[in-house]
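Common to both upcoming complexes is subunit A, partnered first by subunit B, then by subunit C.
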Partner chain A sequence: MDQVFSLQSEARDGCVIITTMGYINNVGGEAIAAECRTYFAGGVKNVILNLGQSKVVNSIGMSYIIEVLEQVQELGGRLVFTNLDGPVEKMLAIMGLFTFAGKEATVADALAVCAREAVDQGRK
Partner chain B sequence: MPEPIALHLLLPRVPDIELVAIEGLEKLAHHLGLAAQKVGEAKLIVAEAVTNALEHAGGDRPSVRVEFTVTTDEICIFVQDNGNGFDPAGVQDPELTGKLHAPSKRGWGLKIMKSLSDDFRIESGAQGTTIIIRKLLS
Partner chain C sequence: MTADALQERLCAEVEMLQKAALRFSRAVTAKDFALLFARIATELFPGADVHVFHQPDGAAWWQSVVAGRKEDVERFLPAAGASLPQECVVRELEDGRMVTQGFADGTAIAVVCFRGPEGDPGTVPEHASLKLVALFCDRMYQEFHTRRKGKDLAFSLNQRILQLNSLVDSGIEIAKLDQHASVVHLALERAVALTNASAGRVRVQMGGVQIQEVVFPDGVVIADDQTGRGQIETEVEFKGVRYTFELHGKESRDGVLRFDATDRLLLDALARHVQALLESRDLHQQALEKEKMERDIAVAASIQERILPAALPDIPGYDIAGINIPSKSVGGDYYDCIPLADGRLALVMADVAGKGIPAALLVSSLHAYLRAYLESGVPLVPLVRRLNQVIYSASTDDKFITAFIAILSPLEGTLESVNAGHNPVFLLRSDGSVHELNAGGLALGMLALDFPYESETSAIGKNEGVLLYTDGIPEAADGAMQLYESRTPLKAFLQSHRDLPPRMFIDALMKDIREFTGDAPQNDDITALYLFRRP
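And now, the complex of A and B:
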């Protein structure tokens, strides 16, 4: 079982895509939040969080994701989770995260959602 | 009744030590061929329970007792710390709307453990806190 946390990030189409690997506890959660802050400072306002390779998370780690959600809301952007493992998805649902954040099967699906919303906002 | 297999651990307060318990549970579950979804949920319960317990463990050498008893029908999880205890009735279930823009986003552990388990019991006093959780596999 390889649970050592790491992440990769890239900006694409106005979104930051963060892909995590391993256990998301306080250290992992803080690293995700710090990575997001860097992209927010550069003008990005949408976050796609691919947790497909993080099968174990804890609520302290997820408390940092609530912080990210808060910042995304302040920027008028969107947080979308992708590739969720069943149990992790259930935990995020218990926390109520899908009330304010999206979930999509894949990163490509999430990018499409963000692109559609950008078009809709442009029409308003 | 299937023959249970058990694992007993005494975990010191060391970063990420909860992963040792999670890996132990994973080994038992693999040995018994248990369903991934239920085992995955049990692993999240263990992550919460052990993290919470270690945070509140006391004494010169803070540690937590963890016991798993597993059959093909259920997973029983026992987690005990030697902290100062607390009043579980005084802990309200958090809501996300209350956590957004609040200084602390934490406090989800009990709600998650209760929601993911089929039977959740907690006993807490001056000698510490014990959590006993049953997760059905059918």
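And now, the complex of A and C:
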């Protein structure tokens, strides 16, 4: 069940992992965007958004996530969603986000994907 | 500046602007756009003291974007004015030039260029350059605006699809949930998310008293004084319980909005989902109970059918007839006429308190024990006392049996009887008088005490009969709930039809009851046994 919003973040292997808890609304969305901006300023380009403990996202929260996605694209990085609950995954799909962002079962999977892409980019 | 030089400079500026155009595609907000434009203007006019201001939609004030100081704003503001024409306007200032450009969405941009630090008049951009910059800015802003509108439209369309999809999904998911609280919580959660509400609450009330409160997000505190503006609510009711769904604080990126008609539709739809589910579960429960009851009735009917006599014995010198018409709910009526080894016969009429399988099983026990005791030759009064004990052991507290048990000695024409809490049995005398057989005691299985039953022995002469029955006859009701007994006392019916042989008497009695009750449903079993000694 969703509680009032909170988040945790950590940088690992060139990615910021943001784990959210609770309802992603205006407050939650703004907090995610602000957290990402801080990491982008520090040179991080990839974002892993673990939404496993957020079962509900409203469209204002969604607009902030789209904003993060646009910033990630501008930086040439990648946004990967993980631990998605059914309804949230469906929402992201309907909003068309999976055309530009990835989804993985776990944070570890997402880190592996980002690492592989970094290797591929290094070869190019 | 010569025409050639101006042309060359304008060409260079156009080229620079075209290169800069790519940067505009990254703008997310109008302010981002103004900021980008200010940077480009600073690059274009390197010697000039460039100031860029942005006027938000409908505002009478200017917001500094680049290098604008308060005193500069005060210097050019009278020239700019609060309301701008949409076209590009270049104004000559005492020590520079200013261009203003209004946009289609009501916002505007102003570029003010003063002479450079050395006061060189050549550092002030040409009139044509400023106009070019303003027109380019307008075109880029239109493009930016169109792109943003397109993005907003796509977002809004996706949001509508999402709302519809979620509404359908919610209906399915709500229907899958077992727990009442989960159903209400899920509906509230979806209503909050779909309408962009900050929080929601469902108050469940019965008889004006709140019995439950569900909130979303969990743990959020919604004070009662938060109700009013910025809130919508809807109510549904089911079986006297009222569910009030409330949504609070519609969110947007620019602050709190009022809920609109779509929000109300969504809230109503989700609340209605909950109501429909409660109704459908109730109907399903009723159907299950009805099905179980019908199964019980079928089983009970089958038990009852097995223990009721298929045919009554021939008794020399006597006629006997019986009937049992079970009601839809199948009660526990039982009658029998059991020949004993010594030529006597046992007459039994019994009625179990209760209906369905439990009643039928109890009757079945009575039938089995009675036959066993009769075969063992137990005298009538001890037999009834033993039956009381075994029925008490075999039944729950609310179950007991009223019974009339008699032993007929056909040759002697005597009837020894015990009435265990049953209706009085009528003994019809040849002179037309009716004597009630009441001697006995409490109904069987009512108390565990070794209750002293008493019997009475009556002589049955020729042209005399005994009518045993259950309360389904006197209590048969018509559509107005009037009882048969109130119109036709059974004793009087017996007296008025005393010339009829048992079979015909029973048929006449049933016909009379049917005429009285009409189409009214039969609420209890109707059972009768009539023994008549031939002349």
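We adopt the following convention: the second predicted complex is superposed on the first by the 122 of 124 C-alpha atoms of A that agree within 3 Å, B and C clash if a C-alpha of one lies under 4 Å from a C-alpha of the other, contacts with A are read in each partner's own complex, and residues count from 1 in each chain.
One rule holds for everything that comes next: a residue touches a chain if its C-beta (ideal position, glycine included) is under 8 Å from a C-beta of that chain, and two chains touch if they have at least 3 such contacts.
What you are looking at is a predicted structure, and each value in this text was computed from that prediction instead of being measured.
With subunit A as the common reference for superposition, the partners subunit B and subunit C occupy clashing space. In the superposed model, A:I17 lies in contact with neither subunit B nor subunit C.
Of the two partner chains, both subunit B and subunit C are touched by A:N25. Within the superposed three-chain model, A:K90 lies in touch with subunit B and with subunit C [touch as defined at top]. Judged by the touch definition given at the top, the superposed model places A:F100 against subunit B, while subunit C stays out of reach. When the shared chain is aligned, subunit B and subunit C each come close enough to touch A:S59.
Of the two partner chains placed around the shared chain by superposition, subunit B is the only one that A:L69 touches, whereas subunit C remains out of contact.
Once the two complexes are overlaid on the shared chain, A:C114 sits clear of subunit B and of subunit C alike. Between subunit C and subunit B, the overlap after aligning on chain A sits in one stretch of 9-17, 45-53, 117-125 or 261-269, namely 261-269. Shared contact residues of subunit A with subunit B and subunit C: 1, 3, 23, 25, 55-60, 63, 66-67, 70, 87, 90-91, 94-96. Touching subunit A in their complex are the following residues of subunit C: 26, 28, 154-155, 158-159, 161-162, 165-166, 169, 185, 189, 192-194, 196-198, 216-220, 251-253. Contact residues of subunit B toward subunit A in the complex are 15-16, 18-19, 22-23, 26, 36-37, 40-41, 43-44, 47-48, 51, 95-97, 99-101, 104-106, 108-109, 111-112, 115-116.
Across the complex, subunit A meets subunit B through its residues 1, 3, 23, 25, 27, 55-60, 62-64, 66-67, 69-70, 73, 85-88, 90-91, 94-97, 99-100. Within the complex formed with subunit C, the residues of subunit A that make contact are 1-5, 22-23, 25-26, 55-60, 63, 66-67, 70, 74, 87, 90-91, 94-96.
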